[in-house]
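Reading through the structure tokens given below for one structure.
Labels for the chains are A, B, C, D and E, by order of writing; each one numbers its residues from 1.
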Amino acid sequence: MNNVSESVLEINGLEVVYSTNRGDVKAVRGIDLDVRRGEILGIAGESGSGKSTLAVALLRLLKAPGKVTGGSVVFNPAGRSPVDLLKVHGEELRVLRWSSLSYLPQGSMSSLNPVMRVQDQFKDVILEHAPDRRNSLHEMIPRLLAQVGLEPRVAKMYPHELSGGMKQRVLMAIAVALEPDLVIADEPTTALDVTIQRVILQSLADLRTDFGVTLMVISHDMGVHAQLADRVAVMYEGELVEVGDVRQVFKDPRDPYTRQLIESIPKLGRRAS
Amino acid sequence: MTADAPPVVVVDESQDSAPPPSGVRVWLSRHPLAAYAIRRVGLYFVELWGALTIAFFFFRLIPGDPIQTLIQTLQQNYMYNQQASTELIARYQQEFGLTGNLFSQYLKYMEKLVLHGDLGPSLINYPTPAQDVILRALPWTIGLLGISAVLAWIFGVILGAIAGWRRGKLGSAIATNLSIALSHVPYFFVALILVYIFAYSLGVLPARSAYDSNITPGLSLEFIGSVLKYGLLPGLSIVIIGTFSWILSTRMLMVPVLGEDYLVYAEAKGLKGWRILTRYALRNCYLPQITAFGISLGFIFNGNVLVEQLFNYPGLGTTLVTAIQQLDFNTILGVTNIAIFSVLTAVLLLDLLLPLLDPRVKYWK
Amino acid sequence: SSGGSYSDKPANSNKPVATKSIQIGKANIPVPRDQSVIVGQVEYTVFDSFNGMIPNGSPGGAGVELATEPLFFLSFATGKLTPWLATEYKYNDDHSELTIKFDPKAHWNDGKPLGANDFKFTVMALKDRADLFGGGGDLKEFVKTVEVTDPQTAVVKFLKPTPRFHYNFIAAIAGAPNNIMPEHIWKSQDLTKYKDNPPVRSGPYKLKQAIRNQKMFVWEKDPNYWNKDKLDVKPQYVIFQSTSKQLDQASLAFERAEFDVGSIDAQHATQLANTGYPNLVTTQFHDPNPRVMWLNCDPARGVMAEEKMHWAINYCLDREKIGTSVWDVKVPPAIYPWADYPTNDKWKDDELAGKYKFEFSLDKATQLLDEIAPKNAAGKRTYKGKEINLEIITPAQVDKAEYAIANVLKADLAKVGVPATLRSLSGSVHDEKFQRGEYDIDSSWAGFAIDPEQLYTDWESGKAQPIGKNAAGKNKMRFKDPAFDAISQKLSGMDPDSEEAKPLLKQALEIYFQKLPLLPVIQTGYPQFFNTAFWKDWPTDDNLYEVPLNWWPHFILVLGKIQATGQKGPA
Amino acid sequence: MKSELELRGVQQRFHARGVADGYITAVDDVSFSLAASPPQIISLVGQSGSGKSTIARNVLGLQKPTAGSVLYGGKDIFKLSRAEYDEYRRDVQPVFQDPYAIFNPFYRVDRVLWKAVQKFKLASTRAAGLELIEESLRAVRLEPENVLGRYPHQLSGGQRQRIMLARVHMLRPSFIIADEPVSMLDAQVRRHFLDILLDFQTEHGMTTLFITHDLSTVYYLGGEVMVITKGQIVERGPVSTVMHEPSHPYTKLLLDSIPQPDPDQRWTTRIAVDELERVDDANPADTMKPEAPIL
Amino acid sequence: MTMRILTAVVRTIRNSRRLAAGLIILGVMVLLALFSPLIVNAIGNGKDPIEVAAYEKWLVPGPGHLLGTDQFGRDVFAMVMKALSVSLQIGAIAGIISTVVGVIVAFVAGYKGGWIDGILSTFTGILLVIPTFPLLIALSAYAKNVTLFQVGVMISIFAWPFAAKTIRSQVLSLRTRPYVDLARVSKARDLEIIVTELLPNLLPFIGVGFASSALGAIFGLVGLEVIGLGPGGVVDLGQIIYNAITTGALTLGAWPMFVVPIVLLTLLFAALNMVNIGLEEVYNPRLRGVAGE
């Protein structure tokens, strides 16, 4: 929060193309975007606007037929030299992952390995990137779980024994386990019931407060952004149509599409004519 | 569909007519694992009984009087002048439990089987009891079939997982296409080819029997070596084809797993490749393969008959063929029953074991 | 246009084939190779029991034959009856009593003496036990008592006269119908349970070892053999081993001299010979059973009951072709229901054979068929308004000669408008159909007999069962002829060699020719193959020694004549 | 002919191993009635697993309740005579949630409409039938030529869902049972759909039971609302009343949890993270592993 | 309806090269089998080349006899042609019977559910664990007068449970599909729903069931043949192999008797397996590209 001007991530002219048998689909078309350290950046946009593609490309998880066709993504992890995320490979990339750049996936239902206990899925990643913490695991895992409002016994459970909301919170705890510089959360609340959704949003806000992580939150639900984000970026057909402070975007949208998006939200208390 | 049929209202079978929950039911629902085990074991006995019964009636309903015809075959083959009297036939029909009506024969058979483990006298080696004949052959078959089947499974699952993991690579494509082409080829085709190459052309491996007759069977290194050497070709033919089919099915399980979110997640976590393969991908697809293995034992048995026959291996398959050629009901039925028993028991054990290995197994359906 | 056959391929070139050196293989046996004769044999299932009185109580063709001796040997090759355990047999004049004398030297292989007491024990033990193999039968039908006048003399008193009772103790082919048992072993045993292991017999070999997992029996020369003066067998060991069912492997084993007797087939043998294999001796041997077609004579089988039908079928049998192209080796046609051994020549009758000439003539067949089964409007032959269709069965597998023979007949029958189905039935199923008379033509083999009346007695009307009822081995073709019955009755109490039997035999043979209840097809040549790598002086076509000349009881006589070559087995 | 659809003490239990008593109660003593006249929209709102779909299936006669009864025109729908059954079928029609699974992938989409024409004898000739179909498609703002003759996978979710509406338009039932018809649609398409539904109410006099978990949709539709939780209906009343003055604590929680799309109206209070999400609540369907093909 | 099935088939084939390859191999074999009488006639040139003693025994391959003759003087090429058609017939007979029985049982069990399903499924499960080969051997060893058709029936007795099992699980998953509910509220009857809604969607699984039953049947018959227990009077590929084994054709040099039928059968097995896997790939999106890429 203190060093807002510094960027964790500088995206320049990023382009992603899916080549299908019906021709190429340009899912991301030249995006320029900075993510500032310590902020919560919301990415909004309709279904199919390329939000997930953007996230996946940043995380270097893009699978065929998707392909990055241009641009650069400079990542500035604290205490390390900047790297172009699109150029790192192999071991270098693997080391960067999680300790600096972590991910909160959309599919909480299926992102946990069904045959491993929750604690093993923590251990896995912690030991991989910070083997020196082996001895503190026993206190670390309950602490992380408590952070997201889960009891220690959850560590001994299997994913199928958890409800959707609990799973999502386990994923959140894993995401911040190594105190990364940036967490990219793709639709962290969709597919959850409203009450649980609220709990999750609460916990996400807590993460920033408690760990100081930078969050990039992707959601199509403008309500989520209004509640959570510091800044909002709006995507439309693969392009960034507007980036700005959350108040500015909601109260004074500059782009016609953004305006349309905000107007089409059915709000309680306002009956359509 | 008559015009006046009453309206169709489908009633879901799973609905409850809501009896008051009794103590046992509550206990069972509190202990789902125990409930599952009880149900599973119950089903096991039902299946065992059903299969044994079907097998019994199947063999008894096949036309042909085994005693009469056996005696005539013997006469024809070796004893041109010996005469079979009706007394002789009657005596052995009695001896083999072929008198009385079918149902009483069945009851007698089951009684002896269940209470005494007695399969009745064998005909191919009268008066030795069928169970003795079978038990003599069993170790060879378990040795040959069991070891080969397990090896095939291990190789197949590992290679299949790798083939799935390294999708798109040349080696993987070759392995997959070979598997598709060869996984359903009969074992004995491969056996024939192996015999031709290694036994006839090169003359390096024996193609008959189970060990060198110069060696007295025992727990000596020499004997074990000989058994291995003699078992190599028959074993190999089962292993090769078996491996191919396990490669294929493992790959089929592996590919969907590779698309699972938790694999992408594991990759995002920055785990090492082999770790993702073993802890994430393989662990999620070898478990179903364990169940499949239990079921496959039965099929291997089918193919094994021919392989043993080809190699003159002193196992159950050869015994079975001999018994069938001589219409030896007790032995055929015995072998069939052993196969039924082993497959069912293996599947039962695996099913009971699986909830311990695989936390996801829903043991309530 | 074709390049000849596989087996004579090398011989096609004009160069004489060089003798090739042989690669001796390591036989899979537990005794020294150079002291052993190895016989390739059938599949065994029994290894721990030698009680032949119960079903599968004793392995057949496994060498027990070398230990089990008959009272007499009959050689088909020479017609000579050789006394063995017994020294002589004598009937009294009205054939109501038979005296048998035993060799005083004879003893069992456990050292106990062998003689009239054992004979009496055997006959009396089996006589009333129809539930045993070898029990009941002739023993029950004829024997009243057996008296032992001294340890070497037994007198059998008959219930009714017979000149053929001693046949039961002659080994002519597969062994005598009844072998005598050591009283001291068996008297306290249950005949249906005792496994007789190791077998106490009297022959020159004793069982050393039976190895189940190798399907092998090892027989060792008995140093105490009672008849050493007459018969000194040369090999120390005789091994009987199951041959691989794949002839590839079997013939390779023979080629590598892993077997001395058998295990190879004619085709591979020819090939071996043509490629210059030096160690092969091939000796022709005729099975005493010609291949025959049994014809069902029961009226319920419709047209098959017609004499003319039998002749029509006979005219359709191309014996020449079958003998040349179907059988493994070239064999002569068969006319009489017995083998063409010199011993059997006395039963032949050329005059009758000329009168009822067997020939392959589809025209004659058509002529006969048109008389009994004319074609209907649809061009199908009908008998009593029903279209005919014959059912041919055979116990032989489809790749065996009997099946192929039937197939040739089937094809020729089709040419004269007689459709037929041909089925190969597995042994047991076949027997059931055959015995119940549920067939029209059965392609298999004839019974074996020492004199024709032994065959004829089974053809008597009284032994014909209705269709569906088991014939228990007698008159399976449901032949009925009162005149024939009368002749057979008379012959049964008569010495077949006597003058008064002659006209009766001729009459019976003529009825056979007229009615043809069975059609002999070919004589059955079984070439025997011997390997000379380790043993020489095997029987040859010029000197058969004995018939049969392998593995049957007579084989001990062969084993007494061969010589070791001095070849050593590989280490 | 104007009838009433009534649920009287409906209870639905399912066997379920691994839970306390061996069964779960998906619907627990639910009673309410829907009147065909005046036409109205009644929303049924509740969280996932609260029993909404089960009620819909009970009302549609697809599932016989374990206790209580569903009455149509005062008669139990599971005991109707043939004629009454025909009338009931004609009068009570569904719009299902998943626009993808509702079409049999083997057939073209128009089959659904033709079946309705055939089964309910809406037209005597093919031409008349086609006319009817085209009219209905236009009524739901679809161009017939863009839709007819296509396979389901060639249409968007919104188009497919509107075909279901066209079907209802053709049948003109008194009651539409719509089980989460818009949950899989985009915001704009969703609005479109809801407008058509409102049209149906006013123009064709259809009464809709609208099932949803989304309170904003309820608000948009207006009319009455019923709130359901754990199989029980805890509150019923006009939308404006329930939304502004909720009486049941559950309704309050629900309303409170909706993220307001206004950065100035952020939540100020926290809600307790209690263990309301227990193991048993986890939907077993999620934990099932896919049946592995055994070759 | 037929048109629809046809277009569905074409669509399916376009989606999988493997399926197409399998079908092409099968198609060529079926064509060969269909024309086998003509081919056999042409070889025989007036006489039956498969009749015993038609030619000399054991002739080496040459212009007169492309693959030589066997131990009874039959033309091996003609035999192989005839045998191929027999093997295919057995596959077709057993495939059809077991698929039909399997489909009926599966639909009754899967759609009706309840105790009917319980009984049928348990029964199917029981049949599945009985080792079929001993029973088959036994049956063919004793059964009188077995024709090709009867062998097909015999083999299907043991093959249908496999088809039933896979199809039942599909029915179970399909019967809760919303479109089934929609059909119900459109007053469709059970049978109508089964036939018009469920069956078409199960075609690929029925295809898989058919292919694997056919495969099993051919396999089974070959198994019977190689131990000499096949039906009499017909020559199938397994029997030629059996002949080759028992006559020692390899050491004689008569390789065609051995190699040709084994290659043909292996091709046939591979083709059926390709159809099998191809169908699964196309219709089970999770498996798409299992073998490809």
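The working rule: a residue touches a chain if its C-beta (ideal position, glycine included) is under 8 Å from a C-beta of that chain, and two chains touch if they have at least 3 such contacts.
Chain-to-protein mapping (UniProt): A, D = ABC transporter ATP-binding protein; B, E = ABC transporter permease.
Keep in mind that what you see is a predicted model, and the values were worked out from it rather than measured.
More C-beta pairs in contact connect the chains of C-E than those of the other pair, out of D-E and C-E.
Across the assembly, the mean Cα position most removed from that of chain C is the one of A. Chain geometry summary: the mean Cα position of chain C and that of chain D are 87 Å apart. In whole angstrom, the spacing between the mean C-alpha positions of chain A and chain C is 91.
If you average the CA atoms of chain A and of chain D, the two centres end up 33 Å from each other.
The mean-CA centres of chain B and chain C are about 42 angstrom from one another, to the nearest whole unit. In chain D, the residues touching two or more other chains are 61-62, 89, 287, 289-290, 293. Under the contact definition stated at the top, the residues of chain B that touch 2 or more other chains are 10, 12, 63-64, 183, 196, 200, 248, 252, 256, 295, 309, 325, 327, 360. Taken residue by residue, chain A touches two or more other chains at 114, 160-161, whereas all remaining positions touch fewer. For chain A in complex with chain B, the residues that touch the partner chain are 59, 61, 93-99, 102-103, 105, 107, 110-117, 124-125, 128-129, 158, 160-161, 174.
By the touch criterion stated above, chain B contacts chain C in their complex at residues 63-88, 90-92, 123-128, 136, 140, 195-196, 199-200, 203, 206-214, 217, 309-310, 312, 314, 322, 325-327.
Those residues of chain B whose C-beta lies close enough to touch chain A in the complex are 260-262, 264-272, 275, 279-280, 283-284, 287, 358-360. Every residue of chain B that touches chain E in the complex is listed here, in rising order: 1, 5, 8, 10, 12-13, 43, 46-47, 50-51, 54-55, 58-59, 62-64, 167-168, 176-177, 180-186, 188-189, 192, 196, 200, 248, 251-252, 255-256, 259, 295, 298, 301-303, 305-306, 309, 320-321, 324-325, 327, 332, 335-336, 339-340, 343-344, 347. Chain C meets chain E in the complex at residues 1-7, 9, 245-252, 265, 267-268, 271, 321-322, 325-326, 397-399, 403-404, 407-408, 411, 421-426, 428-429, 433.
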